[in-house]
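Here subunit A shows up in two complexes: once beside subunit B, once beside subunit C.
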Partner chain A sequence: MQRLTDVLRRLRPGAGGSVRGSGAGGEGEPGQTASGDGSDAGDERLRADGGVAAAEETGGRRSLLSSDFVQSIPFWLPPFLLMGFFVYGAIGWNFVISLTDFSGLVLPEYDVSNFDLDMYRQALNDPTFWTAAQNTLVLLVVFTALCLVFGLLLAILVDQGIRFENTFRTIYLLPMSLSFVVTAKFWAWMYNPEIGMINVTLSQLGLDVLTLQWISNPDTKLAAVIFALIWQFSGYAMVVYLAGLRAIPDDHYEAARVDGASTLKMYWRVILPQLRASTMSAAVVLMVFALKAFDFLYVMFGNNPGPAADILATMMFREAFGSNQWAYGSAIAIVLFAMALAVVAPYLYAEYRRGEL
Partner chain B sequence: MSSPPAGPTPESNTRRERLARAARNADRTRIALYAVLGALVGFYLAPLEAGLMTAFKTTDAFNRSVPFLPPIAEGFTLEPWRVAFRELWNGLINSLLLAVPATVLSAGLGSIAAYGLTTIDWKYQMPIVALFVAGIFIPYQAVLVPLSRLFAIVDTQSLLSVLWGLPLMEEHYASILNLIVTHVAYGIPITFLLFRAYYQSFSNEMIEAAKLDGASVFSIYRNIVLPLSKPMFAVTLIYQFTQIWNDLLFALVILPSGGGAAAPVTVALNALSGGIVQSFNTQMAGAFVAALPTLIVYVLFGEQFAKGVAS
Partner chain C sequence: MTGTNDDTDVSRRHYLKAAGAGTLGVTGLAGCMGGDSGQDETTTAGEETTESDATEETTTGGDSSTDYNTLEVQHWWTGGDGEPAIKALFEGFAEAYPDIEVKQNPVSGGAGQNLETVIKKRVLNDNPPSSWQAWPGANLQPYIEADKLEDIGESVWGQNGMKENYLEGPKEAARPDGTFVTVPLNIHRINNLFYNVSVVEEAGVDPASIETPGDLVDAMETVESETDAVGMAHQTSSAWSTTQLWATVLLGETDVETYNAFAEGEVAANEEAVTSSLQTVVDYTDYLNEDAGSVSWTEANQKILNDEAAFFHQGDWAAGMYRNQDGFEFEDDWDHVPFPGTEGVYALNMDSFPFPTNNPSPEATAKFLQYVGSVDAQERFNPLKGSIPPRTDVPSDEFGPFLTRQMDDFQNSDSQVQSIEHGLAVPPNPKSNISDAMAGFISNWNVDKTYGQLEQAFN
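Presenting the complex of A and B:
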C-alpha cells in the first residue's frame, strides 16, 4: 500500500481540495460529469490512452481532491457515523443513564449535579448481582475452555485425511447456524425430565440413577446450559483449529516423527504450541458468544433463570425491561461491558502489535 | 482414501499421504476413527433428529414413545406443522422483510468502509479501524436501554405517516424499519472486518496500475474492487443473513412489548409455547419452520458460512 500512497502523492501535488459531500460510491461512470467542486484546476495529472480513464478525463470537471485521506472520507465516514452512533454513542448514553436514578415510567432526567455512582453501589450490595457475576464468569471460563478442548479434538480427528471430510465438517458446524431460540427449544425438549431424550435414553440403558431434573435442579442447571452451548459452538472451535492445523507445514509432523515422538507427544509438544494464535482468536470469539448467551437462557427460562443460572445479561434485561429499573440495568450493563473489554482489549492490542488488525 | 503411488517419492511424502499409509497399516485405528466420527455425528444431530420425530407425533404419541424413534401408525400427524406454519407465518414474512435489506445494507456499507480504510491507505487510519473492529465484541446489553430510549424519542411511525396510506404499506413496517437500522449499524463492524481482511490480500500493482491510468478512487472501487469482492460478498451476506434472522434480543427491546404485528419469527417462536402446556410437537415443528431459511442457506452455502465464522 505504501507504494500506492507514493504514486498518489506524485499524481496529486496540489494539496487542499474540498470534500465532496455525497457518499454515493457509484460515480465515475465514463463520460459522467461528476459534481466537482472545481478545485485543483492546474493538476498535472498523468494521462493514459484509452479506456475508462480517458473518458473520465474528457468528462473533465471532476474535482481532483488532494490527499488519500480526503478521498477516502466518503467511503468510510457514513458507515462510521452510523456504527459509531449506535455502538459508542449508545454505550456513552448508557453510562450517563447509569449515573442517574432513571426508573419507572417517567422520563430520564439528565441533570449533571445529580449524577452519582449510587447504582454501582447498589449493585455491589446486591447478592443477586454477585451470583450473576459469578455465574457469568463460570459460564465464560468453563464454556470457553471445554469448547476449545472439544473443538481441538474434533479438528484433529477431521484432519486425519478422512473420507467425506466436508460432510463431517458440515454436520459438526451445523448447530451454529441455528438461532438460540431454536436450540433452546430443542434442548428444553432434550432435557425434559419425564419424556425427554436424555432421561429416556439413560433409563433404557439401565442408568436410572443418572436421570436428573437437568434444567430445574439448581445443581445441574448451569452445567446443562453449558453443555447445550458447547453442542452449539464446538464446531466453531473446530473450524478455527482446522485452519490452524492446515497452516502448519508438513515437515513439522515429519520432523517429530523422525525424532520418534509418539502421536500424543507430537501433538502436545510440536503442534499445540503452534496453534496459539488459533486458540487466542477462538477463545475471544467464544467468550463473546458466551456473553451473548442471553437469548438461549431467555427462551429456556424466561427473564429469571433463578440464582443457579442467572448471568449478568439476563439480570440486566430483567432489571431494565422487567422491573423498569433503567438506571440499575444500565449500571449492570456497564459492568458487563467492562468484562468484555477486559477480554477483548488485550487481544485487539496483541493483534495490532502483530500487524494483523 | 485414494491410494498414493506405491514407491513413495520425496515429493509425494506429504503429511496426508503419510497418514494414509499409516492408516493402511493400522486398519483397526481407522475403524475406531470412523466410529468416533460417526458417534459425533450422532451427538450433533440427536437434538435435531429427536425434534423432527417429535414434530410428526400426536400429543399422545410423544408422551409415550421414545423421542428419537419415528412415529408409528395412528401416532403420526401433520397437525403440529399446520399449527406452526399458521402461528409463525407473519413472523416469517417480517423476518424476511427485516433480514434481506439489513443484510444487503450492512454488507454494502462494510465493503465501502473497508475500501476507504484499507485499499485507500492513509496515515492515521488505525484508530478508526480499531474502533470498527472493537464494535464486533461489545455485549449488546450495554446499548439496550439507550436503544429503547432512542426509538421512544424517534417515532418512526409518525415521522413516516405519509407512507402508511400507500398501498402495500403497513404501520408496523415502522418498527421493522427501526430494527433494520439497528441491525445494519451493529452489523457493520463484522462486515467491515471480513472485507478488510479480503482487501488486504489485493495486489498493490493492480490498484496502482489503475491509478496510473488516472482512475479516480470511485471508479477504482466500482470497476475493480467491487467486481472482485463477489466471493466476499457471498460470505458476508450469508453470515449476516443468519445472524440477523436468528436474533431475538433486539426484537425484544425495540418492538413494542410482545412484538405486535412486526414480531419476527424468533419472537413468534418464543411465544409459541405460551398458553399451550407441553405441546412439544408444535414447538419442535415451529423450531424447524423458524430455522428452515437458515438451514437451507447453510446446507447450500456451508462453505461460505464456515469462511465467515472462521474469520
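Presenting the complex of A and C:
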C-alpha cells in the first residue's frame, strides 16, 4: 500500500495534498479515524500528510531508478510476455520452420546445421510465387491508396454539416461490419455477367460495350476484387478521417479563408497536412485488411484464384495445407511479413522522427 | 438419496435419474463409469446426465464389460445430404455396438478442406482421432510415407467378407501402398453426363448416341441452334469442376490405361492425348452458360432444373438437387448417361475411414471400421447421401431408380478408375500443381501453357 501510494505520488507530481489525503490517511492510522476528524482538522491533516511523504521519499531515494522499473513491471510485463510469445514468438518459430525442409507428415528435426535458405531460393525460382507477390503488392498499394482517397472524399463531404449526417455515416460504414464471406458472395452475384447488377445496369444505360466477365476475365479479375474491397473499407477510412477533421479547429479554415485560399488550396495546404496521423493509422489498418483479403478470395474462387488474382496468402495456404509443403509455406509467410513490414516501417520511422508516435 | 426431505429433493433426483437412464439407454446405472467403482451411484447418474446434455453428439453405451475407449470420429458431413446419412450410420453403429461411446467431432467445410487441416495438425502431433473421413487412394500417401496408418488387412478387411465383396477399384484405393489402411464407405461417380430431357428432346438430340467427347460439341451446337438453352451448364469460378471435366474427357477420348498413365505422372508420353482433351474442353467453353465464371456448381445445376441448359457434367452428388426438386423426375425431366466414351468405366470418388497409428481407441476403431465395411452401414448411409455402396452385395431396394442404375453400372463395369480431382489417383503435391494449372486454364483457356504446367506437375 505504501509503495503504491509512493508510485502514484511520483506519477502525479503536481497533485495536491487534498487529492492524496485519503491515501495518506491509510498509512498510519485507520482511515475512519482520519475522516472522522471532520473539516475543522483539515489543515492539520494536510500538514501531517506532507511530512510523511517527505520522510518516505528520503527513504526510497536509494533505489529510485530501479524501483520505478521494478514497480511498473506488473503493468507492462504481462502484455509484453503475451505479445512476445504469441506474436513475435510465433513469427520467429515460423521463420525457423522456413529454414528447415519440413514437408509431409513427419515433424522436422530442428538441427541448426541443417538450416538453410533453400525454401527462399525455391520461391525465387517459382513463377507462381512471383505472380502472387506481384498481385499482393498491387492489391496492397492500390487498395490502400484508393481506399484512403475515397475515404477522405467521403469524410470531407460528410463533414460539411449536411443533414442526416449520422445516417450517411452509418451507411458508408456498414459494409465494413459485414464478414468477407458475405461480401464475397454478394459481389460474385453483382459481377455475374448474366444477372449481375453491374452488367445489367451497364446494358440498361446502353453501354453494352463495357459489360465484361468481371471476375473470370483475367484482365479485370484483380481490379474487380480491389473494387469490391474498396467498397467495403472506404467507410472505415472515412470514419478515421472524419475524426481527424473534427479535431482541426475551425480557426484554421477561417484563417485560410481570410488569407484568400481557394477551397482546393485550403484542403491541400492546410487541412491535409494535419490529417497525417489519421492517414497513418487508417493506412496501417487497411493494409492489414488487404493482407486478410485471403477470406474474400477464398470464398469467391476457392483456394486457387488463378494467376490473375492469386496472392501470397492464398498461395501460402495452398502450399502448406494443400501440398503439405510446410517449410515452403512458412517461407512465403515470412516474405509476406517482410512485405508488410517494408510498407509500414518507413512510414512508422518517419512518424517517429517527427515525434508523432 | 438424501433421507431428510423426501418429498421435494428426492423427486427431483428421481427425475434426474430417470432422465439419465433415458438418455443413456441403460437399465442399471451401476458400473456406468467403468473404473470409478468407488463413486456414489446417484452422483454418477447426475454427472452423466449433465455431460450428455452438454455434448449432444455423445451417445453412451451402458454396461462396459469390455473396456472400450471413446471412439472419436471426425468428418465434414455437417449439412446437405451428408448430415442425415452420417446420422443414420451412427444410429446403426450404436445399435450394433451399444457399449462403445462415440464422440463425433465434425469440422464443416465442403470437400473437407478444413477437416484436412485439423487432421494434419493432429497427426503431426501424434494425437489423431480414432478415425476420420478421408479420400482414399493416393490422397493418403503422405500418411503412409510418414508411417501414420496401420495395416488393417486382417483386423478389418478380413472380416464380413469385405475382400470378396469390394470390387478391384475400391480395394485398390483402400491400399494405396499395397496394404489395406482404410475402409471406403461410399462411391460418387465422376464420369456422368446429366441432361434435361425436355431440352434435348426439343433439340432432337439423343444423348445415348453421343459416342465421343468430341461429338458432344456437335450435340451442344444443335441444342443452341434449336433451343434457347445453353449447351452445357458449368462453373469456372473455381478450378475443381473443370479439372473433373477435363479428366473425364481424357478418359473418354482415350482409355483407362492412358488415364492411369497420366495419373502416374507419364504426361510427356501422352502429350497428344492430354492436349487434345484440353482442346476439347476449350471447345466446350463456347457452349457454357455465360456466367460460368461467377457461379457455384449448384447455381450452374439450377440451370438444368430451370430448362436453361441441356447438359451438365458433375459428380453424381448433383443428382441430389434433382431429387429434392418437386416435379422434376428422373427419366421424365432429367436423365443420365455415362460421359461419352466412358461407358463401362466407373470413375470413383470415395470417402473412407482410415486407421491411424497411436490410435486412442484401437479396439473400438477396429469395430467401427468393420461396421463401416458392413452391408448394414452402407445400406443406411448411401441412399441418404445419394451415393452407392462400394460393397456389391448391398440390396438396392432403398436406393431409388437412379442410384439403382448407377449400382448396376458399377457392378457391371469393366474397370473403375480413381478421381484425379479428388486426390484418389494423384498424391496431394502433384494434385495441387494440377489444380494450379487448371486455375490458370479456366481463365486463359490456353492449351499449350496448361499442358506445360501439367507436365511439370509431377516433378
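Everything that follows uses one rule, which is that the second predicted complex is superposed on the first by the 258 of 357 C-alpha atoms of A that agree within 3 Å, B and C clash if a C-alpha of one lies under 4 Å from a C-alpha of the other, contacts with A are read in each partner's own complex, and residues count from 1 in each chain.
Definition applied: a contact is a pair of C-beta atoms (placed from the backbone, for glycine too) under 8 Å apart; a residue touches a chain by one contact, two chains touch by 3 or more.
Given the structure is predicted, the values throughout are model-derived calculations rather than measurements.
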Contacts of A:I195 with subunit B and subunit C, given as first, second, both or neither: both
Partner chain in contact with A:A133 - subunit B first, subunit C second, else both or neither: neither
Touching partner for A:P307 - first (subunit B), second (subunit C), both, neither: second
Which partner, subunit B or subunit C, touches more subunit A residues: B
Which superposed partner A:P74 touches (first subunit B, second subunit C, both, neither): first
First (subunit B), second (subunit C), both or neither touched by A:N217: second
Which superposed partner A:F321 touches (first subunit B, second subunit C, both, neither): both
Partner chain(s) touched by A:V106 [first = subunit B, second = subunit C, both, neither]: second
Contacts of A:F186 with subunit B and subunit C, given as first, second, both or neither: first
Touching partner for A:Y172 - first (subunit B), second (subunit C), both, neither: first
Residues of subunit A that lie at the interface with subunit B and also at the interface with subunit C: 188-189, 192, 195-196, 321
Footprint of subunit A on subunit C - complex, ascending: 113, 116-117, 120, 123-124, 142-143, 145-146, 148, 236-240, 289-295, 428-429, 431-433, 435-436, 439-440, 442-444
Footprint of subunit A on subunit B - complex, ascending: 1, 13-16, 18-20, 23, 33-34, 36-37, 40-41, 43-48, 50-51, 54, 62-64, 66-68, 109-110, 112-113, 115-117, 119-123, 125-126, 128-150, 182, 184-186, 188-189, 192, 204, 207-208, 210-219, 221-223, 242, 245-249, 252-253, 266, 269-270, 273, 280, 283-284, 286-287, 290-291, 294-295, 297-299, 302, 305-306, 309-310
Contacting residues of subunit A [partner subunit C, same complex]: 104-107, 128, 188-189, 191-196, 213-218, 221, 300-308, 310, 318-319, 321-325
Sites on subunit A touched by subunit B in the complex: 1-5, 7-8, 11, 23, 25-28, 34, 45-48, 51-54, 56-57, 62, 67-69, 71-80, 82-91, 93-94, 97, 108, 154, 157-158, 160-163, 166, 168-183, 185-190, 192, 195-197, 200-201, 204, 231, 235-236, 239-240, 243, 250, 253-254, 257, 284, 288, 291-292, 294-295, 298-299, 312-313, 316-317, 320-321, 326, 329-330, 332-334, 336-337, 339-340, 343-345, 348, 352, 357
